[in-house]
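Each of the two complexes below includes chain A, the first together with chain B, the second together with chain C.
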Partner chain A sequence: MDINIEDVGKGKKVSLSGEIDMHTSPELRKALLKLTKEKISPIIIDLKNVSYMDSSAIATFVEALKSMMSYKGSMRLCNLSPRVQEIFAFAKLDRVFTICKDIEDALSR
Partner chain B sequence: MKKPLMHKAAITISSHPMYLSIVRVFLEKLLKLMDLPTYMVEDLKSAVDEACSNVIKYAYKNDYERTIKVSFECTSDKVEVVIEDRGEKPADTEFQGRDLRDLKPGGLGMHFIRKAFDEIRFRRIRGINKLTLMRRL
Partner chain C sequence: MQNESAITIKNLITRYGDKLILKDLSFEIPRSKITAIVGGSGCGKSTLLKHIIGLLKPASGSILVGGRDIVAMNERELNEFRRRIGVLFQGSALLNSMTIEDNVALPIREHARLNEATIKIMVKMKLDLVGLSGFDDFFPAQLSGGMKKRAGIARAMALDPEMLFFDEPQAGLDPITAAGLDELIMKLRDIFKMTLVVVTHELHSLFTIADHIIMLDKGELIFTGTVEQFKFSEHPKIKRFISRQVEEDKYCPEDYFNIITAD
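Presenting the complex of A and B:
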């Protein structure tokens, strides 16, 4: 998995690629919790190049989202593949996260 | 009458999470031999991945120097995957998964396993945990 973080206005865009599983999610957790510790908002997660995601990835997003709630921050997920969308829907998290079509949609929210 | 075996294979990996991707590739290649629909391949692959992750977390308590054996058998009417480890016996609660209405990290893996497989059987025989997952086709 690769993580690329860029400034977007007052927030950050976190572009992820590759597979997010039990092996790689600790690195993602570290990166996201660093941003939430700095009270960054919005955090836009671009999942366009994510080829696989397990429950530890979902747990990492939930943990970061909960951390952002303490400062009323906004996390937006975009470019979800149909499979990843299905995973979020199955876990009943599609109504918890702000899910956007693409980067433009995420920036306009 | 017992259906003829179509495919049979097994892999033993180290219990380090870096090897989970190898199990996924192994399963994906085998399942594709059976010409199953993509959604089913993805569901089965995710479920076995989650089961192996649970072994690392709960049976081996994140000891990365143990082993996990994943055996795969399929006939024309079912896919069966057996996951074996020599770790601690998992607590019953570890087979439940969290309430999906609760917003908290973790506890989703068992839901993925139940979604993919029709039968889940756990046995502990002479110190070996044996999780058998069966999907009817």
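Presenting the complex of A and C:
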């Protein structure tokens, strides 16, 4: 898994690629919690190049979102594959996260 | 293109002592579908399941999963293989001294180096998936039979397995609870595109959930195919199984005489 973080307005765009599984999600957790500690908002997560994502990845996003609630930050997930989107909908996580079609959509919110 | 077969079994033979238990079985288990292994008691269903999940080694034959033969794997490779599958055993196999949360978290703590906060969220997600939100702090003894099975499924799902195996999941459940469990098994196929293998002899459940059926009789494969093909099979044993007819006399008079006069 690769993590690339860049500035977008007041927030940050986190572009992820490769597989996010139980081996790699601790690295993602570290990166996201560093951003939430700095009270960054919005955090836009680009999943376009993610080939596989397991429940530890989803739990990591949930944990980061939870820590953003203290400063009313916004996390936007974009470019979800249809399969991941289906899992998010099934777990009702599409009501918890702001799900965006692509980066343009995420930036316009 | 992805291989349509998740598991390929070739010429599987198993013996307990001199007794032949599985007699040269060859068949495929399709990917992302529910396959039911059926047959009367003692026909070798559970033994077959134990071979597929790597708990028993056959006398000969191969079990190919993702192109690799699990029969030829060493213990370390088998452990890696088992990490990628989930199993719901008949008694759910929950640890009674642990809460449901700790039972589900156990495989994650064993196999991954994750922060406890992440694990806690993962466990809550799994419990919600099986309809047990809010039961984190309960102990197995405080749950009904159906809830224990659900907790067992949550634990089997802990490491996001590619395949899930169930050994008679409806055993001991009332019809409504069993129907709820069937629904959950179908959900796992539809949402997570998992390959599911269910050992069962419950006809209603079989026709509700199965996409593919494998039938054994006294260790022999007598059917492999779709549910429709199974329903319309002309095989006398399949017809008897579907219409719940009692087996014909097992022995001819000579056999019976030999049994009761054996030394």
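Quick note on the criterion: the second predicted complex is superposed on the first by the 109 of 109 C-alpha atoms of A that agree within 3 Å, B and C clash if a C-alpha of one lies under 4 Å from a C-alpha of the other, contacts with A are read in each partner's own complex, and residues count from 1 in each chain.
The rule is short, and it goes like this: a contact is a pair of C-beta atoms (placed from the backbone, for glycine too) under 8 Å apart; a residue touches a chain by one contact, two chains touch by 3 or more.
As the structure is a prediction and not an experimental result, all values here were calculated from the model.
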Determine, for the superposed arrangement built on chain A, whether chain B and chain C clash or fit. clash
Touching A:35 in the superposition: chain B (first), chain C (second), both, neither? neither
Taking the superposition as given, does A:90 touch the first partner, chain B, the second, chain C, both, or neither? both
Touching A:62, do we find chain B (first), chain C (second), both, or neither? both
Given the touch rule stated above, what does A:44 touch, chain B (first), chain C (second), both, or neither? neither
So, A:78: does it touch chain B (first), chain C (second), both, or neither? neither
A:19 contacts which: chain B (first), chain C (second), both, neither? first
Determine where on chain A the residues touched by chain B overlap those touched by chain C, and list them. 21-23, 54-56, 58-60, 62-63, 83, 87, 90-91
Could you pull out which chain C residues touch chain A in their complex? 108, 111-115, 117-119, 121-122, 125-126, 128-129, 159-160, 187, 191-193
Touch list for chain A against partner chain B, complex: 19, 21-23, 52, 54-56, 58-60, 62-63, 65-66, 83, 87, 90-92, 96
Residues on chain A engaged by chain C in the complex (per definition of touch): 21-23, 25-26, 29, 54-56, 58-60, 62-63, 83, 86-87, 90-91
Chain B residues touching chain A - in the complex, by the definition given at the top: 16-18, 20-21, 24, 42, 46, 49-50, 53, 56-57, 100-101, 103-106, 108-109, 111-112, 115
